[in-house]
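Chain nomenclature is as follows: A, B, C, D, E and F, assigned in order of appearance, with residue numbering initiated at 1 for each chain independently.
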């Protein structure tokens, strides 16, 4: 099964979860080694700059997902 | 109840508040430990670069919320 | 009265002023202490990187405001 | 044959792969020397900041590809 | 006379010039002191990171100007 | 002749080349001295962070060019 079957969700909150998944998948594809990513997690998780940059990635992806869902207006 | 029931707001100012909430939620989901986030707050709050980067995240999210609300034109 | 009653302006120049206001408000909401922000101002005001990053935030917000105003085409 | 014959894909997952390809191609065009890029790979692959920045590039390109495909709504 | 009477231009090249102007104006409004900006110019002008970041700001503003002009398609 | 006569291209690959050109031109306009830019090239060409940032600029410009061409859908 695809890790990304669709961008369409029922609610904004579910769409936000898709944005988080999109953000993490790019990291995983750039660094496929689970052990290295696990080692980095506590580093960026306690670094203010890294946390803000992560939020920026999510914001960009959420823009895409929100547009896909016509902003859940209907 | 959902933390993000809708992107639709009555006014631009309320939409800006949603953009702030979206920006903070990504940080919270990346670093769920309240104690660590509390420790980081005074660091980025007194760092010019971090404050500007935070404003960038809010700007990206506000773009999404403003589009969702058809820019509160009507 | 709201600090952001509308995104609609008569001219591009006025729209740019709204973009500046949006950019500063996120900093203010992240660091509400006036004294700390005043202390940071000379730092980022003389730092080339910070000035360019500030311009990036304004550019993102101006995109939103310009779309809201249908680019002042009419 | 072109390295980028089309932005149109059948699925979101395939679209994401195009976004990854777009992100890498710019690096390749800026630094065409394979040996230098190979030397840099372990550096950014173990650097939290670089990995997050890479994810930001993919997010921007995925936005383009998703729009091109009308978000795979149909 | 306004420094930004319109976003509409006859050609893409003129639109790019408007994007450059928009990018510089935010720096000027954040640091209005001409002497300080003059002092910073040789710094960011010889710094690879600052030059790339400047290009990012122009890209964001050019997106806005290009949309305003319907991409000079007509 | 203009360095940017049009954003319209026949193929996505040609559009990507325009995005590269747009990205480089902003650097050239900020630092017009050919000798200084030549000196910087090997620096950012071997710096992982600078290469990723360059790819971000191209991604933003490619978004503009792709929209201009209606994503080469037709």
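A few notes on this one:
Heads up, the rule we're going with is that a residue touches a chain if its C-beta (ideal position, glycine included) is under 8 Å from a C-beta of that chain, and two chains touch if they have at least 3 such contacts.
Bear in mind the structure is a predicted one, so any value in this text is a computation, not a measurement.
Common neighbours of subunit A and subunit F, listed by label, are D.
A centroid comparison over C-alpha atoms places A as the chain most distant from subunit E. Among the other chains, D has the CA centre that is most remote from the centre of subunit C. Here subunit B and subunit C face each other with different sets of residues for the most part; under half of the interface numbers are shared between them. Separating the CA-averaged centres of subunit D and subunit F is a span of 15 Å. Annotation: 26 Å between the Cα-based centres of subunit B and subunit D.
Looking at subunit F, one finds that residues 44, 49, 53-54, 56, 60, 63, 67 touch two or more other chains. Viewed as a network of touching protein chains, the structure reduces to one closed ring of chains, two contacts apiece.
Read around the assembly ring beginning with subunit B and moving next to subunit C, the chains appear as B, C, E, F, D, A. Taken together, the subunit C residues at the contact with subunit E in this complex read 11-13, 16, 20, 44-46, 48-49, 51-56, 58-60, 62-63, 66-67, 71-73.
Contact residues of subunit C toward subunit B in the complex are 2-8, 22-27, 29-31, 33, 36, 40, 43-44, 47, 49-50, 53-54, 56-57, 60-61, 63-64, 67-68.
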